[in-house]
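One structure, pasted below without further comment.
We just call them A, B and C in the order they show up, numbering each chain from 1.
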Amino acid sequence: MHRFDYYEPRTVEEACSLLLKFGPDASVLAGGTDLIPKMKNGLIVPKCVINIKKIPDLDIIKVDRETGLSIGTLTLISELATHPFILERFPVLSTAAKSIGSLQVRNLATLGGNLCNAAPSADMAPGLLVTDSALKIAGPSGSREMFVEEFFVAPGKVNLGRGEMLTEVRVPFSPANTKQVYLKHSIRQAMDIAIVGVAVSLSLEERAGVCKKARIALGAVAPTPVRAKRTEEIILGKRLNEIPLAMVGEVVAQEAAPISDVRGSAGYRSEIVSKLTIKAIKSL
Amino acid sequence: MGRHIQFKVNDDSVSLEVEPHWTLLRLIRDELGLIGTKEGCGEGDCGACTVIVNGKAVNSCLMLAVDMDGKTITTIEGLARGDELHPLQKAFIEKGAVQCGFCTPGIILVAKALLDQNSNPSEEEIRFAIAGNLCRCTGYAKIVNAIQAVAEKNNERKGE
Amino acid sequence: MNPKSEVIGLSVPKLDSLEKVTGKARFGADIYFKRMLHGKILRSKYPHARILNIDTGKAERLPGVKGIVTWKDAPDILIGMYQNDWRIFAKERVRYLGDVVAAVAATDADIASEALGLIDVEYEELPAVFDPMEALSPESPLIHDTFPGNIGARRKIRKGDPNKIFKKAELIFEDTFKTQMVDHCHIEPHAAVADSDISGKLTIWSCTQAPFNNRVLLSRALQIPMNKIRIITTHVGGAFGGKQDLMAEPACALLARKTGRPVKIVIDRREEFIASTVRHPFIMTYKTAVNRQGKILARQINLIQDFGAYNDLGEGVLRYATLMSPGPYRIDHVWVDAMGVYTNQQVGSVMRGVGVPQVCFAGESQLDMIATEIGIDPYHIRMMNAVKNGDTAADGQELVSIGYQETLMRVREESGYQWKSARKNHGLGIASMIYTCGGAGRHDYSAAVVKLNEDGTVVVLTGTPDVGQGSRTTLAQIAAEELGVKYEDVWVDQPDTDLSPVDLYGANATRITYVGGNAVKAAAADAKDQILKRAAEKWRMEPERLEIVQGRVFEKANPEPLGNLKDLVMEMHRPLGLTVIGKGSYHTTGVPLDPETGQSHVVDLFLFATQIAEVEVDPETGLVHVLNVWAAHDVGRAINPVNVEGQIEGGIQMGLGFALTEEIVREKGKTLNPSFLDYKLFTALDMPKINTINVEVPEPLGPFGARGIGEATTIPTAAAIANAVFNAVGVRVKELPMTAERILEGIKEKEVEKKLK
């Protein structure tokens, strides 16, 4: 690896002011599972590296019984995969976390890193999209919030201005009677980047059982993780066993825009996104 | 622009200056001379560089040396106690789980981290834990057997 | 029934496992010296180009750089193992992206990498060709001026007259199959350290699998005598054929000479995928005639082997592929025409099974297609056509003491094989293979020394390296058995070309148990003779009446020991001044193949195996879930049964990857997936249950009846999977890897066909 200037800010404010100062010359180091390989291969050559792991309290998971979860940006993926509350109430997140990399990678990788790396296949993104999660971002002019949906701009690019950093992810509780699932299609049973990722969250009315809120999010089949809003509309107002699955399959494929790469062809991805979405809904 | 760090490796306390661009793997092998930890790919895809840091199994090729300040690291060299092998080391030898031996230190450490946390894992849980360690020699079969053998012995002892 | 033995057949723990589990074992990258420099290699920028100029000035001035070498630092000479078509450093031409152009030694690896970027190479890009069929056409660029049509080598078999049969035959099948480029993926990358003394003597530490072969090549490349090159084999972190080449050593050697300091080069994983040798991709056409009962009447086979940029051992692989392509069957009429074709891509060389996993995939897939078409159980069609004792192989050699049918019967029994599964999308597939032990078609030999320490413990000197397969342990067991000592009293180390006796091919060609083992057995017998001669004098008996068992000397049939071996040996040293050094060797009787007919007494030993795979296919995604693999291998005699199982389990992992997930994906010669993230090896979670069956039909020529196992384990797997997938979902994939996409395509096509009907 090439040499770089190295900083260990102790507060969020310090980190933001360093980011403001160095702009595109700096890279943020959290878990390092994406940054370090890229630096070794010369894909990223930052003049300086800002290690944010010495900032306290960014790795905490807080449960507010009223509003929901607050997950610090430095929370380890391994923590998300095994946290009892998340396993019980947000399996769409713990399943996704469990599917990332290997045990060793999950012990290093962070939620913030998975999001800010902004791979189209980012496994944590679909689950956060279907739960209407929001991000807390700190910056030189204070903090702001945005929905996860607005965060992803392009492959590798997120909606962070100069001097800004992600500090927290807020996951609201889903309505009672919500069923959620995350399915990932990959070749191997471990280690693989998703060829297609699908998260589904369906909230059903208590008595009639019709779907009053539908969320579908797709990973690895577009430049960024995306919501499949037209597909959601097809499901709205229907009971689970009344959902026109064939139509769902057709429409969701239209809402995806996959490319062909070494992991899979666009045609295959289109087929799989249909089938995986149908499988996800059936599993609920 | 060296940084001074202090940390524990196996039973030793270490205090030295490191360059920020050094990985933990490089620190362990080239500076500390602990060559049991291996580089198989340098990108976190093979697990040969696995060590245990503050109780968690991690890829040392993905960590910076500077991040070790204040931490405790266990490498394969830290497993045996004097001339008494760790049960996993014994089981790997006895069950024929070692062929070329290059993946062995990494897998033994992941297995140790697994058993420290879950003393009675199922075969599926064992395979899931070692899924990040690639082996080209053994097909993993006897490695899984060795880990199961240690788990069984642990549980026998518990039952006593 | 195996004869009684003390240590043969026992699954003793490997003698080098202790150092491996404690992290003490030193592999190629684990050699360190003070003042050692780190080297990096600059490789070609284009898949095909002329080198006009190399300017190292700027790089040399980078602080920390201590030396840079190019072709100018070595003799101007071409070398190779079959054809002299290769230079250790490219001079005027580069023929693939991995070609070596320069190397830098610096005080640390990062500086050396930086220096590579400062070396100015002026190229004239040339048109390149990446497909062997294209390379054959006259419009294609010529990759080696002395090889017209880009044909690097040819091989033939002419036995009988298939064309005569085809004219009359009722049932003729013609199919074309393709296999992909895969990599050995030994988890330890290539690594070497070289040091040079002032006289120019090189000492090289390397994780090589063929130190003597390396020495021959380096001696020629550097034009120095063999006693000026010492290759010390470190522990080897897997090889599979990938470490018999010279990847790091030439650059290390030249840099060590230039700088006067030890130089280490560790190849990184990306470089392994881009520049190391690979398994040859093949295009194979099989034309087979059978009768209604399923008897194979004739087989005509055409093989195109993609050599890549250089011959390397490609011609040897061509020979193996040719010889084994007809399969383990009695066929009176066999014609094979095989060609190795140059392309501007990674160099194909030996990789576990050398050409036979490819032809086995083709031949065994087609045999199942034939069986399905005429309505005969694939198990029965194989039993019916199987070679038996006394039959001849495709090269005309008589087969003696073979266990092919045993492997078929045992694997069928163990697996509960049923041709048609009762469950949907579920199936079992069967495939068999024929292979050989020892350097097929070439003269092969190994020599050994068994020397006794004064206290009766034993050291075996062998030129064969252990690359993880456990050969040091096998040889220790053979020596212990022959000599009559305890296994624990025998030590076998890795070879050192200055100290170990010569061994021709190293850990290749499934030869160490057979060729190396026979040499060790002979050396141990020689040592024993010397000891018994002294014992005879001491106890006043004929040597024939004496034996050594578990370190004690006995009169045969008398349970009371005469004395301890260690006392006897100590006495021989002092005061008698008799040191015990046993020497032995073994060579195979290869006679060259007739270039026209491919017939001769080429190989000594044949290996047979049958594997059955059980799969479930997801009809929605095309993903294959492998549930079980049963593998029955005729090993003659399992010297160490657990180690044999370990080889089968590992070989199947490689075979499954070859079948389903592995491929070096390339575009215009550039590797698109040079990492373990996108080059997919089976993980522990992907592996099926593996059920091993050791078949033991004793080999008269093998040490204690043993043959070998190493490569056979990975040969039939892909075909077994292909046949299982067909039985599960009716899709026949004729190109490897059988990706989920390919299988899904096949499933969709089938549905369309069904609708049309």
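Criterion: a contact is a pair of C-beta atoms (placed from the backbone, for glycine too) under 8 Å apart; a residue touches a chain by one contact, two chains touch by 3 or more.
Here the structure is a predicted model, which means the values were calculated and not measured.
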| item | value |
| --- | --- |
| Chain pair, A-C or A-B, that carries the greater number of C-beta contacts | A-B |
| Central subunit by CA centre of mass proxy | C |
| Computed distance of Cα centres, chain B from chain A, in Å | 30 |
| Whole-Å separation of chain centres (CA-atom averages), chain A against chain C | 44 |
| Overlap residues in chain B, where contacts from two or more other chains coincide | 21, 42-43, 45, 128, 130-133 |
| Multi-chain contact sites of chain C, meaning residues that touch two or more partners | 110, 676-677, 683, 685 |
| Per-residue multi-chain contacts in chain A, two or more chains | 1-3, 41, 189-191 |
| Residue numbers on chain A that touch chain C, as the complex places them | 1-3, 41, 185, 187-193, 262-265, 268, 271-272, 275, 279 |
| Residues on chain C engaged by chain A in the complex (per definition of touch) | 110, 114, 270, 620-621, 623, 661, 665, 672-673, 676-678, 680, 682-683, 685-686, 739-741, 744 |
| In the complex with chain B, residue positions of chain A that touch it | 1-6, 8, 29, 31-33, 36-37, 40-41, 49, 51, 53, 78, 101-105, 107-108, 189-191 |
| Partner chain A, residues of chain B touching it in the complex | 1, 3, 19-21, 23, 42-45, 47, 50, 56-59, 61-64, 66-67, 110, 113-114, 128-133 |
| Chain C residues touching chain B - in the complex, by the definition given at the top | 11, 13-14, 16-27, 29-30, 32, 110, 184-189, 235-238, 240, 266, 268-269, 467-470, 642-643, 645-646, 648-654, 675-677, 681, 683-685, 687, 690 |
